[in-house]
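Paired with chain B in one complex and with chain C in the other, chain A is shared by the two complexes that follow.
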Partner chain A sequence: MARFILQRLMAALVTIWIATIAVTILIHLVPGDPVRIMYGSFQTTPEELEAIRVRLGLDQPIWRQYLMYLGRLLHGDFGNSIVGDQPVIDILMTRFPSTLALTLSSLFIAVVVGMSLGFLAAYKRGTWVDVSAMVLAIVGVSMPHFWLGLLLLFLFALQLQWLPVAGGDWRSLILPALTLGLANAAVLARLTRSAMIDIFDQDFVRTAHAKGLPKSIVLYRHALRSGLVPVVSMLGLQFAYLMGGAIVVENVFAWNGVGRLAIEAVFARDYPLIQGFILFFAIIVALASVVIDVAYAFLDPRIRYS
Partner chain B sequence: MTTTHQTGPILSVRDLTVSFGRGAGRNIAVQDLSYDLLPGETLAIVGESGSGKSVSSMALLGLLPPRSANVESGTAMFQDKDLLSLPDAQLRGLRGDRITMIFQEPMTSLTPVLRIGRQLTEALIEHKGMGQADANARAREMLALVGLDEVDRRMRQFPHELSGGMRQRVMIAMAMAADPAILIADEPTTALDVTVQAQILDLMRDLQSRFGTSIILITHDMGVVAEMADRVVVMNRGRKVEEGPVADIFSNPQDHYTRKLLDAVPRLGAYATAAAPRSVVDKPTPVGKSLVHTEGMNKTFHEGGWFWKKGGGTAAMQDVGFDLNAAETLAIVGESGSGKSTTGRAVLRLLELDSGTVIVDGMDVRGYGKAGLRQARRQMQMIFQDPFASLNPRISAGRLVAEPMVIHGLASGGELQDRVEELFRRVGLEADHIRRFPHEFSGGQRQRLSIARALSVNPKLIVADEPTSALDVSVQAQVLELMLELQQSLGLAYLFISHDMAVVEEMAHRVAVMRRGRIVEIGPRKAVLNDPQHAYTRALLAAVPVPDPDRTRGTLPVIDAGTLPMGALAEVAPDHLVAQ
Partner chain C sequence: MVHGTTAELADDLATNGSARSRGFWRALLASPSGMIGLAIVGLLVFSALAAPLLAPFDPLRMAAGPRLDPPSAAHWMGTDDFGRDVLSRIIYGARLTLQIGVIAVGISLTCGLLLGLVAGYSSGWTERILMRLVDVLFSFTEIVIALACLAIFGVGLTNAMIAIGIASIPFYARVTHSVVLVEKGKPYFEAAIAAGAGHGRLIFLHLLPNVIPTLIVIGTLGVSTAVLAAAGLSFLGLGAQPPQPEWGFMLSSSRDLISRAPWMMIFPGLAIAITVLGFNLLGDGVREALDPRQRQR
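What follows is the complex of A and B.
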């Protein structure tokens, strides 16, 4: 098991490493002179621009720029933001807890709602329960985050006035978490349904029935645990979607997380901050997939022991 | 355990009718089936696919899919209760306790995410009210009884850590742990290798005499029936066509269908005196000069590592070599994992060898470039075990057969159509089958289609990988007959891969026996089958069930896997080579 975790961690490191290369190249993909793009809007003289270029190392060949960048990263230095000239890592870390709260509660909602709905639909395959659950799921999958968010805002915050439109406390977390969670619940529901339909037809489920076990034991101990394996393996990807969705949802609900920060950085053309954000995002997603993989291995002994 | 019906039947099924679907799509699977099961006896329910033999037994336990299957009428009296009208909860109480079941597929019949111990004990805890400790003790006792070693470790293992034979032993332990009155065994050995099958059958007999269980044995294999059954019910298309003591069924079958079924069963020894397969055409093409020559073939499958191959790996073929002449059949026999399929694929270069020589029709197959290989594939074609999986379901039968000719530019337009029609007739299909799609054919017809497709490019060599293993015996007999006829009139050479010794005896001129990637014995059919020199060949032949209740198979020879000679081949008689 330790070897397995080590392997997954290595894979995550490779992913992050590739992200660092992408981030370095990114700034050179934008047409024109990066320094001019970043600082050109300020009142800067050509001499000042040249000084910035030297300070950022942008006068060096790209491979050296990359090595310098990597060296700084290894010291935990993500560079400084243009706006405010603060360390990027500090800015990210102050805003990240809000995003973490949002994504984790959305994930919780997605798992609970999505898996139950999918399981129920599979169990009641072909009945009206199945059909309505899947219609709901299609609606959920098709509806863009911002639209669902606005609908929920309108209903619960404006019409019913049960929940605040925005703010910082836990009550204002409910609507964005629901928005993000329900959309992902729809994806999970479809996945769980097809996985469970597969499982219900398996020989070992028939064996469990033939043993005269109560239905609840057949369903939960034998079927659900096996059916969860493919679903959990998809959770890693789901988490990445969730993080992406957080950028939109945080803006709709004025939730002060890194997603909102990213949009601010884009509008301000704050390249170091954008770079930092992308890399940070990559690290979070890579680490999340390690966690998911380990959970996956824990569920499926065939992976655990190979 | 005493029953109130010491002399009467323990189970009485009357007029059982089961259908699938409703309305116009209603399909009768079992019709008016009646039989009695006596205490301590083994009743075999025999039939081909679609005969209703499994459905009738699943219906007894309420295991049919509730939405599609209906038990339309009938009773099944067990201990004064009618199983068919019993409330769900009460039936569940009997299921897995008084009546238990084992299934065909040991590989998939155990829950992959639960430990063996858990799966063995849960029914005991549920039905007998045992505590976990008592149930564990009983489970360990049963594991030892079914012949597994290291029972404490087995209890903690997961199914994927056990072989197919071991898993079936676990299934049997699970089914017998509750000391059931009735055991329903649905094709319990069909998915197993022949030597493992023999062990499992011995085990079932042993446990039956120990526990006094009545067994309903569902099977298509007349060899297994002859070996196990006291009485036999023969089913065809949902109806019982004949019932009687096993000796009578075999020696004096009354029904036409039973006779046909028994005639179709390949019997090892039926062609023991012949030096070549029987002639089915007037002037069979004589065996010609060398067509295939292979030597020193090696192939090791490596598990994919991260950046490099992992060390070790499984040696699928080690130093394999043989010759095959035109119009001749070399059969490669062996159990799963012996490397026989790998060998067939290597000859066609469907996989790349690590080393070795493959010469087909004077040309080095391993030396071909891409274009040359395509050209060479005209000479050699393949037929697979599962004709459905190997035919593209979205392409019509006619196009499937035409495709190889189009690819090789052999015919087009009207000529192509004529040729397709001719091929369909050649393999015993009708011209109006041409427009149909693979799913509209039966298993036997699909295999004929595969053969037509292989024949379309006029090959000299056909590699047939278990071509009849998925077919019912009566259909198997027809396909084998067709293959013989094609060989003798067209001069085809067959590399015939099979696990079935009786089929091999019917088809082969020469036989090669493979074990763990090596040929351990090779020679003319009479030499290898009648006078086997290698201990493994002898064990393989001894394990074949004999479809004759008067001739018992005798005890299995004990072979010690560690000491079997697996070295280089040496000649013991002309052309008869045995591993030393």
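What follows is the complex of A and C.
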């Protein structure tokens, strides 16, 4: 198991390392002078721009810039933002708990709703329950997050006034989490159905039925446990998708997370903040996938030895 | 002898190909999802082509009616805060939507196909490095790659299309790579190598035609992803700019007026959802038609 965890950690480190190269190159791909683009609106003189270029190390060859950047990163320094001149890591860490709360609560909704719907559809395969569940799933997959968010906002916050439009407490988390969770539940429902149908057709499930085991034991102890293995393996990717989806949903509900911050940074052309966001996103997603892979390996020992 | 055999084989493939093509269309039209998807996509293409004939007003014309006028006989989907006809903007929006879908998928499909083919065919270090890179990019998710591209190019609809195209390359590369690996293991490919076929012949005559059917399926499904992503970027203000009648941007403009003019939010959202649903259903239908085993599921 230790070897497996080490392998997964190494893969995560490679991902993070490639991300550091990508964000260093990013600023050099900007057409024109990035310093002028970033600071041009601040009424700076050419001398001041040159001083900024030296301060940011942009006058150095790209390999040296990369090594300097990597050195700073190892000390936890992601640079300073252009707007407000604050440490990027501090801004990200202030906003991250909100995004994490949104991502985890929507993952919970997606898993509970999606897997139940998929399981039910597979169990009642070919009936109206299956058809309705899959129609619901394909409609869910096709619905834009932000539109679903606006519809929920219109219905529950403006018309029925059950929930707040925005704010910072747990009640204001319900609508964004539902928006993000329901949209991803549709994907998980389709996956679960497909996986469960494969399992229901397997000999061991038929044998369990033939042995006369109670239906509930066959369903929950035999079929469900095996059927959910491929679905659980997708949770790492689902987590990444939810983190990505949070960028849009946070903007619908004015939720103060890193996603909203990223959009503000793109508008302001705040490159240190954009670089910091991409790297931060890569680190979180890489670490989350290690955690999920390890949890998955505990569930299915075959993974550890493959 | 070899030439004769090759020619016979080509004839055989061509005959089977056209029979397969007839079978494909029959299977597509026989599947409910394929039929509905084809009808929705057909309607979208028709709206885009015949927009000047179908739209009752110029989509950019201000004060085509009273401001924030609810749906009525004169304005079926109401008017927006500038008095522009929402229906006309939605009909013209179909043009932009199709354009986004085709350009974004075109970019990702072409580059992904090339990358996947090179990685799958070459094997060894080239394959390992390319696929590791693809895996890393894949884990970033499309929206983050698209944001990075927009941070480089600047905001705007054209840049958003390119950004979405680039963001999806890892997905197409991954699929192409896995199909190439499967094809390389088949006896016909080994026979072609044994017959002395060159790299070009192996890639373009043997691998490529077998990768294309899978790419058609994921390309069709990919249009729906591209449409959703572009609408999302426009909704955030990073894609279409005023006064373009782009559906995501129209939704974004409706945000502050939801309680006063909900129709400004309902109809563009419905247009995006139906379009995405259409391409998803069509993709499912094409998959079923190309792989009959799927029909049993």
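Everything that follows uses one rule, which is that the second predicted complex is superposed on the first by the 304 of 306 C-alpha atoms of A that agree within 3 Å, B and C clash if a C-alpha of one lies under 4 Å from a C-alpha of the other, contacts with A are read in each partner's own complex, and residues count from 1 in each chain.
Heads up, the rule we're going with is that a residue touches a chain if its C-beta (ideal position, glycine included) is under 8 Å from a C-beta of that chain, and two chains touch if they have at least 3 such contacts.
None of the values given here were measured: they were computed from a predicted structure.
Judged by the touch definition given at the top, the superposed model places A:Y271 against chain C, while chain B stays out of reach.
In the superposition on chain A, A:A186 makes contact with neither chain B nor chain C. In the superposition on chain A, A:L299 contacts chain B only, with no contact to chain C. Of the two partner chains placed around the shared chain by superposition, neither chain B nor chain C is touched by A:L107. In the superposition on chain A, contact of A:M243 is made with chain C only, not with chain B.
Of the two partner chains, neither chain B nor chain C is touched by A:M196. Which of chain B and chain C touches more residues of chain A: that partner is C.
Chain A contributes residues 14-15, 18-19, 22, 26, 29-31, 138-139, 141-147, 150-151, 153-154, 158, 194, 197, 237, 240-241, 243-245, 247-248, 251-252, 262-263, 265-267, 269, 271, 274, 278, 281-282, 285-286, 289 to its touches with chain C in the complex.
Within the complex formed with chain A, the residues of chain C that make contact are 132-133, 135-136, 139-144, 147-148, 150-153, 155, 224, 228, 231-232, 235-238, 248, 251, 254-255, 258-259, 262, 265-266, 269, 272-274, 276-277, 280-281, 284, 297.
Contact residues on chain B toward chain A in their complex (touch as defined above): 61, 63, 67, 92-97, 100-101, 103, 105, 108-114, 122-123, 126-127, 158, 160-161, 171, 174, 306.
On the chain A side of its complex with chain B, the touching residues are 7, 126, 202-204, 206-214, 217, 221-222, 225-226, 229, 299-302, 305.
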